[in-house]
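We just call them A, B, C and D in the order they show up, numbering each chain from 1.
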């Protein structure tokens, strides 16, 4: 009885979209190595749509599989759609995660979200930020 | 690894001198069934010597083996010699008893002792008793 | 000379199928359940499969099963762990007078730790009256532990009725089913208990493994501190082969329970009918009908249990006794005493417990072997001599 | 793809001779040790024979051995039982910072019960300094528990020197030798300890059985309440087959200890020399010479242990890790942290532990398999990317 199901294992063994995007439109970093997991998500946005997504992940099998799954789920989605990717949805797409690994699905969704926020911030589209337009 | 050694087992399986002596010269009763063991010793005394000894015993394997051993040890001894049969000597003759059965060897020696005392008392030879000579 | 094992209450053999189920986990699939590699995977699989089977045996859910190393550990864990977890609500606990020492002494330890303990009495059959339980309950009662069946006299307690009473008070109800689980049908939901102990070696599983069923949501403080095994509720490397054995034994027990019980109770009834008809002054102990299928318990008057046991052993018959001499503590069975049996009669306790290898011929052999043994010991018993003389029973 | 088990620290397989020694006690000589008939006699014989062999392994006396169900139970029993028995003299206890959780969490439980706890630090090799122990001792210190060897980093502690210090204070000294007993020579008299824990599944014995050696005359409060087994010190039906297995494993360990240690340490040294020479930024953890023969432990920088472990497993190699992700509690090994290893490096912990089936080829296979795995994970590691950019180590 493996700890991870086949879907998770498949993503762990063959993670999609690994890497960095040079001059990414948005970057989101979450976690830190002290607690065991760290993810950096990079997105490219075209026409309000995530045209490319890459990530680097330091962490366990679940963290890697979650990163991979989030990247697949995000690709091609509009920013609004992508923002609706919740940890629960990620876990569901992975057909379940061990209880003590739930936080990994949180991290994945959070990192993507942060990357989107980072993009929006740069675009000056967030309420608070006036620094937009750097791109 | 049996709880009792072979010597004890042999005495338990073939106890010597079981029975009562009618018109015994001395009777000694010790123990009570509440604590699990009870022995009644009967002696016949001739010329200050234990010419016959019998007993009835309610109790465990050790109690029965001890009774048998005590009866063997006592037979033919003078009263003074018989009084020197200590629990330790009984246990030694039996080549050892389990720790929690030591009290059985106490009972055996005690019962014999009581029977001797009972005889002496009847003989009026104890300091306190003046009732001797009933025999 | 026969070789007749009639001491299944002490422990049962391991069935061939059970041993078969254990063997792979000694030498091949020997991994640690906590290991994150394929050796661990196989071990985990075995343990989770067994968890489901044990849950099935008692009508529980797999996640509610916590594996332990013995019935004793399950009882220590339940009594101490539940009392410690709920002491904020009160410090009073209730047990019956005939609990196994693993419950009774755990409760006494709690007493030393500042808890208060009440003991509910039993009647002459060893039955607990739910009304007595009700009377013992207080506002600060947090835990009641009453056994499902008593192994020494076979009496089966009215747990369902007791549970109803306990539940009304809000206390937690644990039952020690070590003597009954695997032998008679148990459904934890139907019984209405919160926790239940069982042990594999009572139903053809291996020694060294038991379980505590704990209703979902009931808090408990771990008894064994350490690693995160069993969802953090019981530390220590999981005993995979033994757990696999328990699982298999549970599966077989469930499947064959009816057939086994039928066979055992026929043997039991034959002995219970036969012995007192062949030997005078023999008392059947325990309840006439509410009793474990394989349990035939007696007190033989005027003689002592260990001596009988040894003479029976010399004839190849293995039984047990609750006499003072057979206990290391040199006290007659607290169960028999609680049932109101006088000490001197309790000393003659003898317990025959049937199992899968036994036949009607074994009973015949016992019925034939017992009378001369009893005779012989009575001939040397000062109590019997007294009785013959003046019909008096008991000590001086 | 190979099948290379390098996780003997998690558990060892049961040797064929050991299983052989156990088998008679499942189906034939299945009696209960407490039974007073011949089935009991056979069980008693097996247990007493094993008791002698376990005593022999550690230079103790048979009557000083108390059988338990695991290393965890031995440690709970020792720490709680000794503290409870001697609390009249004081309520202060001392442990090292790198104890196994079964000691550490037992000590924390005692803290909840009103005891005071001091933790002695270790140096970067995981060594306890006897002077630090001396400094921690107080007038009311009743118990010191410091492990004989640490399983995660292999470091062997100077128990003899520590014992000398502890003895001067009059405190009782327990050592957890679960990781070392059966692997390196132990003589309780020479060490000068009062109590010592060991477990069979660490040296080719079965799971589910351990022992506590307790010096004659040292008082302890039973941990498992119930029957009178083990001279009243540990209740519960004795696990006869497992105990027989422990005895056999102890006998074999004693006879073959030198040869085994020689083989294991050759494999260990080969890996310890080879891995850092093939992979950059690999740290050997634990002491360079004072270490268990079969233990090779590392931290691989910039990547995480579980991921490595899973990729190794996909290549048929079984190891363990002390990373946060491999622990249910999601905390990096307290051992590595106590040794001053930064959290982010501790996450890359990897532990290879050798056993009887391993060969030099297994080491070669590891040395060949590891570099691409490390590469692959580093390629996806944001920490490694940062390091390449600005030579920075650690998190944000």
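In the analysis below, contacts are C-beta pairs under 8 Å (C-beta built on N, C-alpha and C of every residue); 3 or more make two chains touch, one makes a residue touch a chain.
A quick note: this is a predicted structure, and the numbers were derived from the prediction, not measured.
Trainee: Centroid of chain A to centroid of chain B, CA atoms only: how many Å?
Mentor: Here the centre of chain B sits 90 Å away from the centre of chain A.
Trainee: Give, as an integer number of Å, the spacing between the C-alpha centres of chain C and chain A.
Mentor: Inter-chain centre distance comes to 56 Å.
Trainee: Using mean CA coordinates as chain centres, what's the chain B-chain C distance in Å?
Mentor: Averaging C-alpha atoms per chain gives centres 40 Å apart.
Trainee: Indicate the residues of chain D shared as contacts by at least two other chains.
Mentor: 36, 38, 306, 310, 326, 328
Trainee: Which of line, ring, star, complete or other matches the graph of chains that touch?
Mentor: other
Trainee: Following the definition at the start, I'd like every touching pair of chains, please.
Mentor: A-C, A-D, B-C, B-D, C-D
Trainee: Where on chain D is chain C touching in the complex?
Mentor: Listed in rising order, the residues of chain D that touch chain C are 5, 7, 10-14, 16, 19, 26-28, 30-32, 34-40, 69-73, 75-76, 100-102, 105-106, 108-109, 199, 201, 206-209, 224-228, 232, 235-242, 306, 309-310, 312-313, 317-321, 326-329.
Trainee: Show me the residue ranges of chain C that touch chain B in the complex, using the header's touch definition.
Mentor: 302-304, 306-307, 310, 314, 323-326, 328, 330, 332, 343-344, 347, 379-383, 385, 394-396
Trainee: Give the list of chain C residues in touch with chain A in this complex.
Mentor: 36, 38, 40-42, 44-45, 48
Trainee: Given the complex with chain C, which residues does chain B contribute to the contact?
Mentor: Contacts found on chain B: 12-13, 15, 18-20, 29, 32-40, 55-64, 100, 103.
Trainee: Could you please specify the touching residues of chain B with respect to chain D in the complex?
Mentor: Per the stated touch rule, the residues are 1-3.
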